[in-house]
Amino acid sequence: MASLSPLAMPAQRRLRTSARNMLDGIVTAVVHGPINAEVGLLVNDSIVIDALVTNSCIAALDIRPGGRAVALINASFVTLLADTPGLRLSARNLIGGTVVDVTDSPVESEVVLDIGGGRELAAIVTSHSRRELDLVPGAQTLACFKAAHIILAAEY
Amino acid sequence: MASLSPLAMPAQRRLRTSARNMLDGIVTAVVHGPINAEVGLLVNDSIVIDALVTNSCIAALDIRPGGRAVALINASFVTLLADTPGLRLSARNLIGGTVVDVTDSPVESEVVLDIGGGRELAAIVTSHSRRELDLVPGAQTLACFKAAHIILAAEY
Amino acid sequence: MASLSPLAMPAQRRLRTSARNMLDGIVTAVVHGPINAEVGLLVNDSIVIDALVTNSCIAALDIRPGGRAVALINASFVTLLADTPGLRLSARNLIGGTVVDVTDSPVESEVVLDIGGGRELAAIVTSHSRRELDLVPGAQTLACFKAAHIILAAEY
(Lines give C-alpha, C1' and ligand atoms only; values in the text may rest on other atoms or scores of the structure.)
Protein backbone atom coordinates (compact mmCIF):
# COMPACT_ATOMS: atom_id res chain seq x y z
CA MET A 1 0.00 0.00 0.00
CA ALA A 2 2.45 2.61 -1.22
CA SER A 3 -0.25 5.26 -0.94
CA LEU A 4 -0.13 5.00 2.85
CA SER A 5 3.63 5.45 3.05
CA PRO A 6 4.74 8.84 4.35
CA LEU A 7 6.85 9.20 1.22
CA ALA A 8 3.72 9.04 -0.90
CA MET A 9 2.46 12.33 0.51
CA PRO A 10 4.74 15.08 -0.69
CA ALA A 11 4.47 17.84 1.90
CA GLN A 12 6.25 20.28 -0.37
CA ARG A 13 3.97 20.44 -3.36
CA ARG A 14 3.77 24.24 -3.10
CA LEU A 15 7.49 24.62 -3.69
CA ARG A 16 8.38 25.53 -7.27
CA THR A 17 12.02 26.03 -8.29
CA SER A 18 14.21 25.74 -11.36
CA ALA A 19 16.19 22.99 -9.66
CA ARG A 20 15.42 20.14 -12.04
CA ASN A 21 15.64 17.75 -9.10
CA MET A 22 13.51 18.34 -6.03
CA LEU A 23 13.49 15.20 -3.94
CA ASP A 24 11.41 15.44 -0.80
CA GLY A 25 11.89 12.90 1.93
CA ILE A 26 12.15 12.08 5.58
CA VAL A 27 15.18 13.11 7.61
CA THR A 28 16.87 9.97 8.92
CA ALA A 29 19.89 11.50 10.66
CA VAL A 30 21.55 14.80 11.50
CA VAL A 31 25.24 14.55 12.42
CA HIS A 32 26.74 17.81 13.64
CA GLY A 33 30.35 18.75 13.01
CA PRO A 34 32.02 21.96 14.20
CA ILE A 35 30.55 24.04 11.35
CA ASN A 36 28.52 21.81 9.09
CA ALA A 37 26.01 19.09 9.65
CA GLU A 38 25.43 16.03 7.53
CA VAL A 39 21.77 15.31 6.89
CA GLY A 40 20.43 11.96 5.70
CA LEU A 41 17.21 12.19 3.68
CA LEU A 42 15.26 9.05 2.72
CA VAL A 43 13.71 9.76 -0.68
CA ASN A 44 12.36 6.34 -1.57
CA ASP A 45 12.39 2.86 -0.05
CA SER A 46 16.15 2.48 -0.37
CA ILE A 47 17.90 5.74 -1.21
CA VAL A 48 19.25 8.04 1.49
CA ILE A 49 20.67 11.28 0.15
CA ASP A 50 23.51 12.90 2.12
CA ALA A 51 23.41 16.69 2.28
CA LEU A 52 26.00 18.91 3.94
CA VAL A 53 24.66 22.22 5.26
CA THR A 54 25.74 24.61 8.00
CA ASN A 55 24.72 23.98 11.59
CA SER A 56 22.94 27.33 11.60
CA CYS A 57 20.76 26.14 8.71
CA ILE A 58 19.71 23.07 10.66
CA ALA A 59 18.32 25.34 13.35
CA ALA A 60 16.78 27.85 10.93
CA LEU A 61 15.04 25.13 8.90
CA ASP A 62 14.15 23.05 11.97
CA ILE A 63 15.66 19.93 10.42
CA ARG A 64 15.37 16.91 12.74
CA PRO A 65 15.15 13.13 12.38
CA GLY A 66 11.63 12.13 11.41
CA GLY A 67 10.85 15.54 9.92
CA ARG A 68 10.58 16.36 6.24
CA ALA A 69 12.84 18.31 3.92
CA VAL A 70 13.38 18.77 0.20
CA ALA A 71 16.75 18.32 -1.49
CA LEU A 72 17.30 20.66 -4.45
CA ILE A 73 19.90 19.15 -6.75
CA ASN A 74 21.01 21.19 -9.73
CA ALA A 75 21.00 18.87 -12.76
CA SER A 76 24.40 20.19 -13.85
CA PHE A 77 25.90 19.04 -10.52
CA VAL A 78 25.10 15.40 -11.30
CA THR A 79 27.89 13.31 -12.87
CA LEU A 80 27.01 10.01 -14.55
CA LEU A 81 29.31 7.00 -14.45
CA ALA A 82 29.47 3.66 -16.16
CA ASP A 83 29.54 0.92 -13.56
CA THR A 84 33.24 0.42 -12.85
CA PRO A 85 34.36 -2.53 -10.72
CA GLY A 86 36.46 -1.32 -7.81
CA LEU A 87 35.56 2.31 -8.25
CA ARG A 88 35.79 4.56 -5.20
CA LEU A 89 34.66 8.18 -5.24
CA SER A 90 34.97 11.18 -2.94
CA ALA A 91 31.35 12.12 -3.72
CA ARG A 92 29.04 11.02 -0.92
CA ASN A 93 26.03 10.29 -3.13
CA LEU A 94 26.09 7.46 -5.65
CA ILE A 95 22.75 6.26 -7.01
CA GLY A 96 21.99 3.67 -9.67
CA GLY A 97 19.31 4.24 -12.28
CA THR A 98 17.92 3.48 -15.72
CA VAL A 99 17.86 6.14 -18.43
CA VAL A 100 14.26 6.95 -19.31
CA ASP A 101 14.64 10.13 -21.35
CA VAL A 102 17.34 12.02 -23.26
CA THR A 103 17.20 15.53 -24.75
CA ASP A 104 20.16 16.64 -26.86
CA SER A 105 21.57 19.99 -27.92
CA PRO A 106 24.92 20.57 -29.66
CA VAL A 107 26.72 21.25 -26.35
CA GLU A 108 24.75 19.71 -23.50
CA SER A 109 22.26 16.90 -23.04
CA GLU A 110 19.69 16.24 -20.37
CA VAL A 111 19.54 12.64 -19.22
CA VAL A 112 16.65 11.57 -16.97
CA LEU A 113 17.04 8.49 -14.79
CA ASP A 114 14.45 6.33 -13.08
CA ILE A 115 15.99 5.75 -9.63
CA GLY A 116 13.16 3.61 -8.26
CA GLY A 117 10.11 4.22 -6.09
CA GLY A 118 8.63 6.55 -8.70
CA ARG A 119 11.57 8.92 -8.35
CA GLU A 120 13.56 10.46 -11.18
CA LEU A 121 16.91 12.21 -11.24
CA ALA A 122 17.94 14.46 -14.12
CA ALA A 123 21.53 15.18 -15.11
CA ILE A 124 22.89 17.74 -17.55
CA VAL A 125 26.05 16.38 -19.12
CA THR A 126 28.04 17.39 -22.17
CA SER A 127 26.68 15.91 -25.38
CA HIS A 128 30.21 14.61 -25.92
CA SER A 129 29.98 12.55 -22.71
CA ARG A 130 26.40 11.48 -23.47
CA ARG A 131 27.58 9.87 -26.69
CA GLU A 132 30.79 8.42 -25.18
CA LEU A 133 28.87 6.71 -22.38
CA ASP A 134 26.12 5.65 -24.82
CA LEU A 135 23.43 7.02 -22.54
CA VAL A 136 20.23 6.07 -24.32
CA PRO A 137 16.85 5.06 -22.91
CA GLY A 138 17.15 1.70 -21.19
CA ALA A 139 20.85 2.09 -20.32
CA GLN A 140 21.93 1.48 -16.72
CA THR A 141 24.13 4.15 -15.15
CA LEU A 142 25.33 5.54 -11.83
CA ALA A 143 24.68 9.14 -10.80
CA CYS A 144 26.97 10.88 -8.31
CA PHE A 145 26.85 14.29 -6.67
CA LYS A 146 28.56 15.96 -3.75
CA ALA A 147 26.77 16.38 -0.42
CA ALA A 148 27.92 20.01 -0.32
CA HIS A 149 26.17 20.82 -3.60
CA ILE A 150 22.70 20.10 -2.28
CA ILE A 151 20.40 22.88 -1.11
CA LEU A 152 17.84 21.84 1.49
CA ALA A 153 14.43 23.49 1.66
CA ALA A 154 11.66 23.32 4.24
CA GLU A 155 8.33 25.00 4.71
CA TYR A 156 6.82 26.44 7.88
CA MET B 1 23.30 61.32 -7.55
CA ALA B 2 24.01 57.70 -8.25
CA SER B 3 27.13 58.69 -10.15
CA LEU B 4 28.80 59.77 -6.92
CA SER B 5 28.06 56.51 -5.11
CA PRO B 6 31.10 54.29 -4.57
CA LEU B 7 29.16 51.48 -6.22
CA ALA B 8 28.93 53.51 -9.40
CA MET B 9 32.69 53.35 -9.90
CA PRO B 10 33.57 49.76 -10.66
CA ALA B 11 37.20 49.32 -9.65
CA GLN B 12 37.39 46.05 -11.50
CA ARG B 13 36.66 47.08 -15.04
CA ARG B 14 39.83 45.42 -16.29
CA LEU B 15 38.65 41.99 -15.14
CA ARG B 16 37.26 39.84 -17.95
CA THR B 17 35.97 36.33 -17.22
CA SER B 18 33.46 33.81 -18.53
CA ALA B 19 31.58 34.02 -15.25
CA ARG B 20 28.30 35.39 -16.55
CA ASN B 21 27.86 37.22 -13.25
CA MET B 22 30.60 39.51 -12.01
CA LEU B 23 29.20 41.64 -9.23
CA ASP B 24 31.66 44.10 -7.76
CA GLY B 25 30.91 45.71 -4.45
CA ILE B 26 32.11 46.89 -1.07
CA VAL B 27 33.03 44.41 1.64
CA THR B 28 30.70 44.92 4.60
CA ALA B 29 31.91 42.16 6.91
CA VAL B 30 34.45 39.37 7.23
CA VAL B 31 33.60 36.69 9.81
CA HIS B 32 36.38 34.18 10.37
CA GLY B 33 35.70 30.55 11.26
CA PRO B 34 38.40 27.94 11.93
CA ILE B 35 39.05 27.36 8.19
CA ASN B 36 36.68 29.49 6.16
CA ALA B 37 35.55 33.07 6.36
CA GLU B 38 32.18 34.48 5.42
CA VAL B 39 32.40 37.70 3.43
CA GLY B 40 29.51 40.14 2.99
CA LEU B 41 29.64 42.13 -0.25
CA LEU B 42 27.26 45.05 -0.85
CA VAL B 43 26.51 45.05 -4.59
CA ASN B 44 23.73 47.63 -4.77
CA ASP B 45 21.75 49.74 -2.30
CA SER B 46 20.12 46.75 -0.66
CA ILE B 47 21.74 43.46 -1.64
CA VAL B 48 24.57 41.94 0.39
CA ILE B 49 26.00 38.78 -1.14
CA ASP B 50 27.45 36.18 1.23
CA ALA B 51 30.57 34.39 0.01
CA LEU B 52 32.42 31.60 1.79
CA VAL B 53 36.16 31.42 1.07
CA THR B 54 39.16 30.09 2.98
CA ASN B 55 40.87 32.24 5.61
CA SER B 56 44.08 32.06 3.61
CA CYS B 57 42.27 33.65 0.64
CA ILE B 58 41.16 36.56 2.80
CA ALA B 59 44.81 37.34 3.49
CA ALA B 60 46.01 36.71 -0.06
CA LEU B 61 43.32 38.92 -1.58
CA ASP B 62 43.54 41.52 1.22
CA ILE B 63 39.79 41.40 1.77
CA ARG B 64 38.69 43.75 4.56
CA PRO B 65 35.56 45.72 5.49
CA GLY B 66 35.35 48.86 3.40
CA GLY B 67 37.51 47.40 0.63
CA ARG B 68 36.33 46.23 -2.77
CA ALA B 69 35.98 42.77 -4.26
CA VAL B 70 34.22 41.10 -7.16
CA ALA B 71 31.96 38.09 -6.76
CA LEU B 72 32.11 35.68 -9.71
CA ILE B 73 28.91 33.65 -9.81
CA ASN B 74 28.64 30.93 -12.43
CA ALA B 75 25.20 31.25 -14.05
CA SER B 76 24.65 27.50 -13.77
CA PHE B 77 25.01 27.72 -9.97
CA VAL B 78 21.93 29.95 -9.70
CA THR B 79 18.59 28.29 -8.93
CA LEU B 80 15.36 30.21 -9.54
CA LEU B 81 12.31 29.86 -7.31
CA ALA B 82 8.70 30.93 -7.48
CA ASP B 83 7.89 32.98 -4.39
CA THR B 84 6.71 30.40 -1.87
CA PRO B 85 5.16 31.56 1.42
CA GLY B 86 6.97 30.01 4.38
CA LEU B 87 9.90 28.78 2.34
CA ARG B 88 13.21 28.29 4.14
CA LEU B 89 16.41 27.39 2.33
CA SER B 90 19.89 26.26 3.28
CA ALA B 91 21.35 28.52 0.57
CA ARG B 92 22.68 31.73 2.08
CA ASN B 93 21.87 33.97 -0.88
CA LEU B 94 18.27 34.67 -1.91
CA ILE B 95 17.66 37.63 -4.19
CA GLY B 96 14.45 38.84 -5.79
CA GLY B 97 14.37 40.06 -9.37
CA THR B 98 12.39 40.63 -12.55
CA VAL B 99 13.07 38.62 -15.69
CA VAL B 100 14.38 40.94 -18.41
CA ASP B 101 15.70 38.49 -20.98
CA VAL B 102 15.36 34.81 -21.89
CA THR B 103 17.42 32.76 -24.38
CA ASP B 104 16.27 29.19 -25.05
CA SER B 105 17.96 26.09 -26.38
CA PRO B 106 16.51 22.56 -26.41
CA VAL B 107 18.21 21.66 -23.11
CA GLU B 108 19.07 24.81 -21.21
CA SER B 109 17.85 28.38 -21.05
CA GLU B 110 19.51 31.55 -19.89
CA VAL B 111 17.30 33.79 -17.77
CA VAL B 112 18.54 37.30 -16.97
CA LEU B 113 17.09 39.11 -13.95
CA ASP B 114 17.09 42.78 -13.05
CA ILE B 115 17.96 42.73 -9.33
CA GLY B 116 17.85 46.51 -8.84
CA GLY B 117 20.40 49.32 -8.77
CA GLY B 118 21.36 48.67 -12.39
CA ARG B 119 22.52 45.16 -11.52
CA GLU B 120 21.63 41.98 -13.40
CA LEU B 121 21.95 38.33 -12.44
CA ALA B 122 21.93 35.58 -15.08
CA ALA B 123 20.86 32.01 -14.40
CA ILE B 124 21.23 28.94 -16.61
CA VAL B 125 18.33 26.60 -15.89
CA THR B 126 16.93 23.61 -17.75
CA SER B 127 14.48 24.60 -20.47
CA HIS B 128 12.07 22.20 -18.78
CA SER B 129 12.17 24.28 -15.60
CA ARG B 130 12.05 27.55 -17.52
CA ARG B 131 8.72 26.51 -19.01
CA GLU B 132 7.38 25.00 -15.76
CA LEU B 133 8.06 28.20 -13.82
CA ASP B 134 6.79 30.32 -16.73
CA LEU B 135 9.92 32.48 -16.64
CA VAL B 136 9.20 35.10 -19.28
CA PRO B 137 10.18 38.77 -19.42
CA GLY B 138 8.32 40.66 -16.72
CA ALA B 139 7.95 37.67 -14.38
CA GLN B 140 9.03 38.07 -10.74
CA THR B 141 11.28 35.37 -9.36
CA LEU B 142 13.76 34.58 -6.58
CA ALA B 143 17.36 33.59 -7.31
CA CYS B 144 19.32 31.51 -4.83
CA PHE B 145 22.92 30.32 -4.73
CA LYS B 146 25.25 28.87 -2.15
CA ALA B 147 27.89 31.04 -0.47
CA ALA B 148 30.48 28.31 -1.10
CA HIS B 149 29.93 28.46 -4.87
CA ILE B 150 31.13 32.05 -5.20
CA ILE B 151 34.66 32.89 -6.33
CA LEU B 152 35.98 36.23 -5.06
CA ALA B 153 38.42 38.25 -7.13
CA ALA B 154 40.50 41.33 -6.34
CA GLU B 155 43.12 43.34 -8.16
CA TYR B 156 46.37 44.73 -6.81
CA MET C 1 61.20 9.17 -23.12
CA ALA C 2 57.72 10.30 -22.17
CA SER C 3 56.45 6.74 -22.53
CA LEU C 4 58.41 5.73 -19.43
CA SER C 5 56.99 8.53 -17.28
CA PRO C 6 54.47 7.37 -14.68
CA LEU C 7 52.07 9.97 -16.04
CA ALA C 8 52.13 8.26 -19.42
CA MET C 9 50.47 5.14 -18.05
CA PRO C 10 46.94 6.03 -17.07
CA ALA C 11 45.97 3.55 -14.37
CA GLN C 12 42.35 4.58 -14.63
CA ARG C 13 41.51 3.75 -18.17
CA ARG C 14 38.56 1.61 -17.07
CA LEU C 15 36.84 4.60 -15.48
CA ARG C 16 34.09 6.08 -17.65
CA THR C 17 32.08 9.06 -16.43
CA SER C 18 30.15 12.00 -17.82
CA ALA C 19 32.64 14.36 -16.17
CA ARG C 20 34.07 15.98 -19.30
CA ASN C 21 37.37 16.34 -17.48
CA MET C 22 39.00 13.28 -15.96
CA LEU C 23 42.59 14.11 -15.14
CA ASP C 24 44.54 11.25 -13.64
CA GLY C 25 47.80 11.96 -11.88
CA ILE C 26 50.12 11.32 -9.00
CA VAL C 27 49.30 12.54 -5.50
CA THR C 28 51.99 14.99 -4.42
CA ALA C 29 50.63 15.99 -1.00
CA VAL C 30 47.79 15.41 1.43
CA VAL C 31 47.29 18.16 4.03
CA HIS C 32 44.72 17.31 6.68
CA GLY C 33 42.54 19.95 8.32
CA PRO C 34 39.94 19.29 11.03
CA ILE C 35 37.33 18.06 8.52
CA ASN C 36 38.72 18.31 5.02
CA ALA C 37 42.01 17.45 3.42
CA GLU C 38 43.69 19.25 0.57
CA VAL C 39 45.12 16.92 -2.04
CA GLY C 40 47.73 17.92 -4.63
CA LEU C 41 47.55 15.95 -7.87
CA LEU C 42 50.28 16.29 -10.51
CA VAL C 43 48.55 15.87 -13.88
CA ASN C 44 51.37 16.80 -16.26
CA ASP C 45 54.95 18.02 -15.95
CA SER C 46 53.95 21.31 -14.36
CA ILE C 47 50.33 21.38 -13.23
CA VAL C 48 49.31 20.38 -9.72
CA ILE C 49 45.56 20.37 -9.16
CA ASP C 50 44.30 21.15 -5.66
CA ALA C 51 41.28 19.14 -4.54
CA LEU C 52 39.43 19.52 -1.25
CA VAL C 53 37.75 16.35 0.03
CA THR C 54 36.76 15.08 3.46
CA ASN C 55 39.29 13.34 5.66
CA SER C 56 37.12 10.24 5.67
CA CYS C 57 37.37 10.12 1.86
CA ILE C 58 41.16 10.14 2.06
CA ALA C 59 41.00 6.97 4.13
CA ALA C 60 38.27 5.31 2.06
CA LEU C 61 40.07 5.98 -1.23
CA ASP C 62 43.52 5.26 0.22
CA ILE C 63 44.87 8.55 -1.10
CA ARG C 64 48.56 9.02 -0.20
CA PRO C 65 51.57 10.84 -1.65
CA GLY C 66 53.02 8.86 -4.53
CA GLY C 67 49.74 7.07 -5.23
CA ARG C 68 47.40 7.71 -8.12
CA ALA C 69 43.99 9.35 -8.30
CA VAL C 70 41.67 10.84 -10.88
CA ALA C 71 40.20 14.33 -10.61
CA LEU C 72 36.69 14.61 -12.06
CA ILE C 73 36.00 18.22 -12.99
CA ASN C 74 32.57 19.09 -14.32
CA ALA C 75 33.05 21.31 -17.39
CA SER C 76 30.39 23.73 -16.17
CA PHE C 77 32.42 24.37 -12.99
CA VAL C 78 35.31 25.83 -14.99
CA THR C 79 35.44 29.63 -15.36
CA LEU C 80 37.63 31.14 -18.08
CA LEU C 81 39.47 34.44 -17.61
CA ALA C 82 41.37 36.80 -19.81
CA ASP C 83 44.86 37.31 -18.42
CA THR C 84 44.50 40.28 -16.05
CA PRO C 85 47.60 41.90 -14.55
CA GLY C 86 47.32 41.98 -10.77
CA LEU C 87 44.36 39.64 -10.62
CA ARG C 88 43.91 37.60 -7.43
CA LEU C 89 41.26 34.92 -7.07
CA SER C 90 39.80 32.88 -4.23
CA ALA C 91 39.72 29.80 -6.48
CA ARG C 92 42.67 27.54 -5.73
CA ASN C 93 43.15 26.25 -9.28
CA LEU C 94 44.27 28.59 -12.07
CA ILE C 95 45.62 26.97 -15.24
CA GLY C 96 46.74 28.57 -18.48
CA GLY C 97 45.85 27.05 -21.83
CA THR C 98 45.25 27.50 -25.54
CA VAL C 99 41.81 27.09 -27.05
CA VAL C 100 41.81 24.11 -29.41
CA ASP C 101 38.12 23.54 -30.00
CA VAL C 102 34.83 25.41 -29.62
CA THR C 103 31.28 24.06 -29.94
CA ASP C 104 28.44 26.59 -29.80
CA SER C 105 24.77 26.39 -28.99
CA PRO C 106 22.38 29.32 -28.54
CA VAL C 107 22.86 29.35 -24.73
CA GLU C 108 26.10 27.60 -23.89
CA SER C 109 29.40 26.85 -25.56
CA GLU C 110 32.00 24.20 -24.92
CA VAL C 111 35.57 25.49 -25.03
CA VAL C 112 38.39 22.91 -25.00
CA LEU C 113 41.87 24.02 -23.88
CA ASP C 114 45.24 22.42 -24.43
CA ILE C 115 46.90 22.75 -21.02
CA GLY C 116 50.19 21.07 -21.97
CA GLY C 117 51.64 17.59 -21.66
CA GLY C 118 48.93 16.14 -23.88
CA ARG C 119 46.25 17.19 -21.42
CA GLU C 120 43.02 19.00 -22.24
CA LEU C 121 40.53 20.85 -20.07
CA ALA C 122 36.98 21.53 -21.26
CA ALA C 123 34.82 24.39 -19.98
CA ILE C 124 31.13 25.02 -20.54
CA VAL C 125 30.51 28.77 -20.53
CA THR C 126 27.60 30.89 -21.69
CA SER C 127 27.74 31.64 -25.40
CA HIS C 128 27.45 35.29 -24.37
CA SER C 129 30.74 35.02 -22.45
CA ARG C 130 32.37 32.97 -25.20
CA ARG C 131 31.80 35.81 -27.64
CA GLU C 132 32.72 38.58 -25.15
CA LEU C 133 36.07 36.94 -24.35
CA ASP C 134 36.63 36.13 -28.03
CA LEU C 135 37.42 32.51 -27.23
CA VAL C 136 38.35 31.05 -30.60
CA PRO C 137 40.89 28.35 -31.50
CA GLY C 138 44.38 29.67 -30.86
CA ALA C 139 43.35 32.12 -28.12
CA GLN C 140 45.22 32.04 -24.80
CA THR C 141 43.08 31.93 -21.67
CA LEU C 142 43.15 31.05 -17.98
CA ALA C 143 40.87 28.40 -16.50
CA CYS C 144 39.91 28.52 -12.83
CA PHE C 145 37.91 26.18 -10.61
CA LYS C 146 37.42 25.68 -6.91
CA ALA C 147 39.22 22.89 -5.05
CA ALA C 148 35.92 21.97 -3.40
CA HIS C 149 34.25 21.32 -6.75
CA ILE C 150 36.51 18.43 -7.65
CA ILE C 151 35.51 14.80 -7.13
CA LEU C 152 38.40 12.41 -6.66
CA ALA C 153 38.18 8.82 -7.85
CA ALA C 154 40.41 5.81 -7.26
CA GLU C 155 40.28 2.16 -8.15
CA TYR C 156 41.10 -0.82 -5.99
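First chain written, first letter: the chains are A, B and C, and each begins at residue 1.
Here is the rule we use: a residue touches a chain if its C-beta (ideal position, glycine included) is under 8 Å from a C-beta of that chain, and two chains touch if they have at least 3 such contacts.
By chain, UniProt protein names: A, B, C = TOBE domain-containing protein.
What you are looking at is a predicted structure, and each value in this text was computed from that prediction instead of being measured.
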{"item": "Type of chain B:chain C copy interface by residue overlap (half), same or different", "value": "different"}
{"item": "Cα-superposition angle relating the copies chain B and chain A, to nearest 5°", "value": "120"}
{"item": "Between chain B and chain C, centroid-to-centroid distance (C-alpha), Å", "value": "24"}
{"item": "Chain A: positions in contact with at least two other chains", "value": "34-35, 76, 105, 108, 124, 148"}
{"item": "Complex interface listing, chain B residues touching chain A", "value": "33-36, 76-77, 79-82, 84-91, 105-108, 111, 123-126, 128-130, 132-133, 135, 144, 146, 148"}
{"item": "Interface residues, chain B side, partner chain C - complex", "value": "14-20, 34-35, 51, 53-54, 57, 60-61, 72, 74-76, 103-105, 108-110, 122, 124, 148-156"}
